[in-house]
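Here chain A shows up in two complexes: once beside chain B, once beside chain C.
For the complex of A and B:
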């Protein structure tokens, strides 16, 4: 079972809608420990991506993801623009020329994307960032795949681990980004970037769930 | 919210259009991607200097584009860093063959976007150096934070570095001057009121009538402490003490003293602060070699001020005195 190019585009569009619906929530999370712009930043970026769909609808998956990345880099700003932009650019490089993705291809794409975020932002696990949601998601995806589970089940496991990682940011003290200025006062709040990352992988699990194993 | 704003989403664009027509002799504005550039850019053989950041701090940075200061500035949305495509186009537009210096305030968003832009510009064969300003003593500098924020020193560094570039010094030397100003400068700010981000439409935080916040940044971030209002002498002392101790500044030092308004405080009050500052420094035998008083790095309509001190030597003083001709700062010409 594979994820085709059109499935990838459907996932991106679904995510843009999730962001639009949750814009106020993401911004509220960012007001608590940041500067209250994460929802606005992400929505600006993904609305721009949505408007670009006709331009990349006939390209290969690598090119689709790269265009998403470039669009985010040039429209989001803030910390999340270069971070999510790099995620999609790297995932695009890992899937260059492909018209469909096997489970292993998706693992390679996610690995490249998360590596890109870490390379750019230099965050470690536990710094209270999106990395805290994404690394467990990648880990769970790999474990699920090596235990022989198929694509939809592995995506589900990955999204569930991502949610756990997101929830686990609540008690943490931020060591990266704006929230780190608050020191101890950043504890007790969920990280906005980890929240938008969970929405991303949750959207993948949901929009690709109907693909038979 | 009572504001001279048509639509919050148009505020940055309308201000750019106005700057282009009000200062057509000094600057040009490029749209999509947005940047403000010196009218005569690129200046051949001169290091180009680019800065940028979120909007809402005017006149910084766009108001400092012109002879003797910045070659270009990239404005982001209000309080949000600009994007690499803006920075790349601006870098190309001001490269006169001697390379380009990026002056970046230390915020994760600004750092990451400028890093990507520098990578892209280098990919196109342009020599780029970046200097990060991080002068805010209100933030504890430790391995466990994103580090100190770039604030007041940025304005002074842009002026002094711009003068060095105007003398056609090479990129490395121009960057070193900028690093030196940052290394020898410290800032501390305070707020009497919050600011109101246009898109949010309400104050970022509540500050009761009889309280103030010490150690604020320039984006309505919380400060170090909140307390009852005190006399101007006491407030000035609270701002200056951590600055003096941090570098440290010593008896016999010469300084550039900068009293900056946050956007909602009248110049009259800034002079009252300057008066107290001069007394405190005089008492410690620290000489005010040069000064700047006014609102140059603001936080929208926040009331309050910041104090920046930079330790000066003869070279820095002569670069400070050099002519500058920008919408926001102009002398010697």
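For the complex of A and C:
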């Protein structure tokens, strides 16, 4: 049971559509505690990524993810540009040369991506950032895999943990990014970066759910 | 030299910071700015790839300092660093210093050739001076105190420029120290007992808090100590680069209530003089701002951007006009306006209101402007508070452009005294001096931009009178005593008579000076030189006549072409040139055809990007390649020449071929006019600017085909010495007193005389008193200069014998340096005076 190159492309495209549908919502979340451009920025970036899909035809998964990363860097604009850009670039490095991914390959890719985000943004767990959603998701993915569950089940567990992490950002006081300027007033709002991170892993769980276990 | 990279979310902010830093530190600092995304709609944001490119653009092993604004700019800068090869990374530093202050300090320091660590330390300490000024706790500024120098030479001087060693003069100060890299130099503020500090550190110098009237002590040690102190002495003599009009010697008297006539309103003298006339109120009404929801925020934002861009164009036009008729400092007011328009603090809130609240552009912009202006008004500092009017002014201009309304100029239908709450610089710049006898404002201070402009135009002004002046009835007879700062409503007969006498005395004195200047300039043994003015507008034509100009040796026509979306048509040009010729009332007028290049891009000519616009596609080169553009101007000039004594002059001729092509174009233009049945003069005197060494060297070949040469000494010097004036390190080479330049001038005159042609000078050399005898001796027939230089130049001509001047001009060609040449002139001048005694 593996994720093939075209499945990866399908996931990226699905995520681009999710972002487009939720553009206003992400922007609303960001307006509450940030500078109100997260939805617009992410949508601009992923529409640019979508336009690159035809170039993916002769590329391996690593190259696809790196292209996604570079595209985001030059089109997103806000902090999510370098952050998601680094996520995809690092995930691309971890999957270089591969045409399909096993569950362990995906764990390695996600690990590399999340490490990249932490390195770039210097955020810790509890700072009310995307890390609060991604780290639990990575943890759940690993636990599910080591308990012997297959890929779709593990992805589902990962996305569920991601959602829990996202929801857990609501009471937190931001310590990184634009929201940290608000101090205590940032509490009571869900972090937009954690929200778009959850959408990313939810999209993976959904678009890869049909794969034979 | 260290390169500096500026990273911002906003391309305009990045470019604005770059402009500021360059303005302070000079043209040759290695600066690169990046902001926004390289997408058609140019969203705010940062792109690590662009940051990397910017770093590469200014990279050298000396190092690169990267300054950034916030959020993604920091992340993108870090990412760019990761993307570069490791061997480069070691020479690049990301710095947390404040973007604007840091960039300015870093640029000044980089210019001195300092190390990356030194430049970074300066950037980090950059908030010190501002914190100190505002009385805030200074952040741990790194202004290392220095050891007292041993065996040092000492220079003590009192700083007399108005604002003390503030930003720009401080930069000049530090740059002067930087010219002596091997010489330890320290400076102390004796008045405040601060320092000594390193004279090469901009922050250290700024935090000495040197104000006007403070005494400072400069010490230098080592072999070049005396030279260095001489350089500081020279810098102090030119007021650290502050122009004289700003110095206390020219400051206006403090307000005085002593002896004020009963009922007089007390204000602050803004621009000296005495005026009589009826009160005329000028009240600018901000147009009614429409307020409604819109459906397409992107289109609405585009509309606003377009209006802002149009306003920028307009301000650049005003800027160009003001620059030509006044001084650089006045022009800086408008440069500040341009910066406001690029400021994210105005743009971002407006953008947000449009994008999120779907507010229409005019209302969104107005709200952003009001909020920034309110912030300024709430500040303690008087100077900063006065900037609120500037913000409102540019804000209002944008709204007018959005609504398609034009701001009414403060015109008066009959002569009178203009009364206003406050005038914006744009209002003042458009005043008609023949109608406005004086200006009285309720608010604003003597440092307000309108007061500075009023001084430039010689209109008496009293400012800061208070609201009472606004309540004066329209047409109420007034006397404005702008020397004492009084406005006297309905003066009694005795007061009136007293002021009439005082005004007559003032007028008599100034008339006398002008009469003298109006007389011809003839040497003691009867050799005449025509003394004319260089002008660039109608207002300057009037000033030139008033100053005693016998003609105009150079009319720069660029003012007609700047600040607009299409080229001026024949009719407009004809009207403009004819208006100037009329003011000159029969005095000769030399019109120079368009002299423009890549340094001043015009929207209607595709000039392309040039690495070096001054060696590029400009002036006659551009005109010959754009025959339609060129012929429109030539036709307008020919038509005016049919009515007035007008000559035409081609700029930047390098070859005979270019001269012939330009003359052929002139013949074509004449043919087109004749075909239309328009009257043209039989012939028009045609000359060229000699400003490229090739033309000077080949003057013999060119002379038979022209009627005259006019030597543009500024460019001729720069091109001959291969050095530009804006670059402080080589600026000393751009001295027209170098015998190389003088020899070229001499050759041009000889070639012209051999062909029976005359030669004029229209560069700054013509207005330099020490150059006048040399030029007289060489046989120059005409000197053209800025109007204020005319009286002194005429004096010089009258003080010399042509024969002695001839000897002097031969002698100086045998010398080797500008210093020797100047010394020779001074020595000869002393002999000349001795002869009189």
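Note that the second predicted complex is superposed on the first by the 213 of 213 C-alpha atoms of A that agree within 3 Å, B and C clash if a C-alpha of one lies under 4 Å from a C-alpha of the other, contacts with A are read in each partner's own complex, and residues count from 1 in each chain.
Operating definition for what follows: a contact is a pair of C-beta atoms (placed from the backbone, for glycine too) under 8 Å apart; a residue touches a chain by one contact, two chains touch by 3 or more.
These numbers come from a predicted model, not from an experiment.
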Combined model on chain A: chain C and chain B, fit or clash: clash
First, second, both or neither for A:182, with chain B first and chain C second: first
Which superposed partner A:195 touches (first chain B, second chain C, both, neither): neither
Touched partner set for A:67, first chain B, second chain C, both or neither: neither
Where chain C runs into chain B (options 7-15, 439-447 or 655-663): 7-15
Footprint overlap on chain A, comparing chain B with chain C: 35-37, 40-41, 44, 73-79, 81-83, 85-86, 120-121, 177-178
Chain A - residues contacting chain C, complex: 31, 35-37, 40-41, 44, 70, 73-83, 85-86, 120-121, 177-178
Touching residues (chain side chain B, partner chain A) in the complex: 33, 54, 76-77, 79-85, 107-109, 112-113, 115-116, 139-140, 144-146, 149, 197, 199-200, 204, 217, 219-222
Footprint of chain B on chain A - complex, ascending: 35-37, 40-41, 44, 73-79, 81-83, 85-86, 120-121, 173, 175-178, 180-183, 185
Interface residues, chain C side, partner chain A - complex: 9, 36-39, 43-50, 70-72, 75-76, 78-79, 352, 356
